[in-house]
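See below for the structure under consideration.
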Amino acid sequence: MASDPSTALVVTDLLGIFVFAVSGALVAVRKSLDVFGVQVLAVTTGLGGGFIRDVLIGAAPPAALQDWRYLLVPVAAGLLVSVYHPAMVRAERMINIVDAAGLSLFVVAGALKATEHGLGPLPATLMGLVTGVGGGIVRDLLAGLVPVVLRGGLYATPAAAGAAVTAFGHELGVSTVVAATVGGLVCGVWRLLALWRNWQAPMPHGLGPA
Amino acid sequence: MASDPSTALVVTDLLGIFVFAVSGALVAVRKSLDVFGVQVLAVTTGLGGGFIRDVLIGAAPPAALQDWRYLLVPVAAGLLVSVYHPAMVRAERMINIVDAAGLSLFVVAGALKATEHGLGPLPATLMGLVTGVGGGIVRDLLAGLVPVVLRGGLYATPAAAGAAVTAFGHELGVSTVVAATVGGLVCGVWRLLALWRNWQAPMPHGLGPA
Amino acid sequence: MASDPSTALVVTDLLGIFVFAVSGALVAVRKSLDVFGVQVLAVTTGLGGGFIRDVLIGAAPPAALQDWRYLLVPVAAGLLVSVYHPAMVRAERMINIVDAAGLSLFVVAGALKATEHGLGPLPATLMGLVTGVGGGIVRDLLAGLVPVVLRGGLYATPAAAGAAVTAFGHELGVSTVVAATVGGLVCGVWRLLALWRNWQAPMPHGLGPA
């Protein structure tokens, strides 16, 4: 659909923001917050990861403060959830799938943006991870939940792997499109398999599952 | 009293910091923290919103790290509360009124500072909101409370409205003094009416109050 | 061992990161998190304080995103704790001592870096304190604990004192080595005495201990 890479990048970015904003708004609904609480969690979850990344790599103000579409998307997601949340809660399996897609888009975009700002592949991997999981951490801290990256169930490991494939692929001279595609697939497929098979990360030596 | 606008701006800024620092220190007293915990919550509540805004709009280091008065004010507020907190707790109604004034000052100042840094009216509205509620969010996260913006009782809605009036008024060419005054009044009067009449924001479709 | 001051500075910085990363990883083990949760808390605790400082003083991207050793150290600390945590939990007294050393290193380094970026002695004291306690605050927020600076037991007071001695000594023309050494000793010795004698900070007027 998108006629050039830059349009494609903006579209995927906005799609990722939308998906994460929906996840934040659904948490707000489950916590019985009012419609403004829904908006706050939608916007912070959708934009939080990118904000933290941009501030850390010295790219402030973030893109989301310079392009009004980046703000309208999470607000629209919050309004949709405020009205249609009963149907969305029933569609939780579909939301998990879309969330895995959003995670993949964000870790790839975060890792690439960090390399563009001159960071090496290891810090770029960390920045990809922060972009992918940062919004969910802010959402969970505000809502009084255990942050998603600290729960079991392999959320951050696929994110770190996808970011590493993207960043080190770029470092080794692989074309950006190939590095991003393979990185995104590693993250998304691993995450979906973990959800489907209920995979868990290993515990520290000598400890059983929580 | 103030002889020029810039003096007036600094005075209002310091007054807002003082009020929010008092609110942070009072939370610390209620949590039975020691005098240093009182100082930590006073400083983070008084300065937190402005710090987050300045980092996001690319204005680091924040003014509070370049002008020693901005640090002494919350420290003094923390000391006052450590000594006189019994009288202040009794004066909670008065503190709510002063807090509404502090919120109005902060959302207006935050929205104007963002427009000065080249942000459009919609992001500037978000930055005004962040300036007004950021310190209270940090205070509540540190103290283990539900953040003020997620509780019922119309705190963030008046803040967002006041910031929007200021930012869009400025965008439409209204004089800064008028835009700031009307924006601050919208925020402060709405907040006080919500406190007085115990107004609540609407709930998402089909959900009753928490 | 180190042949010049800059090598000594990097070594002490990495040592401080290692110690704080170990403390973060041990919290993760106690919370029965999986090995990736251990890594997340190790990295955020080891690097968090410096990240917050660098973002606030306008020094983004932080050193830890420009030098891969700063990332490998907390990852290695997390792996060590995942394997050897039973022995480390038994060595909690030793870890408290090493943590006091890490705190001293971080507050001195944070205060000096802030003065190098042109901040006055009072803001530099705050930045030294933020560097020393920031990682622990992030660790405790993520783990759902009361932040270390708000608990009793004199953690932040020695940190603030050590940072103040360093920053004001530097301001008064004392040589950097002397200011840093005295500041670090004030922080470390006070912290160790507080641990040994179970000192508590005073409570606000009229309140008993929690």
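As written, the chains take the letters A, B and C, and residue 1 is the first residue of each chain.
What we mean here is this: a contact is a pair of C-beta atoms (placed from the backbone, for glycine too) under 8 Å apart; a residue touches a chain by one contact, two chains touch by 3 or more.
These numbers were taken from a predicted model, which means no experiment stands behind them.
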item: Copy-to-copy rotation for chain A and chain B - C-alpha atoms, rounded to a multiple of 5°; value: 120
item: Interface composition of copies chain B and chain C: same or different, split at half; value: different
item: Cα-centroid distance, chain B relative to chain C, in whole angstrom; value: 29
item: Multi-chain contact residues (two or more partners), chain A; value: 55, 60, 141
item: Chain B residues within the chain A interface of the complex; value: 55-58, 60, 114, 117, 119-120, 122-123, 126-127, 137, 141, 146-147, 149-150, 152, 154, 156-157, 160, 200-207, 209-210
item: List of chain B residues in touch with chain C within their complex; value: 28-29, 31-38, 40-41, 43, 51, 55, 60-62, 64-66, 68, 71-72, 81-86, 141-144
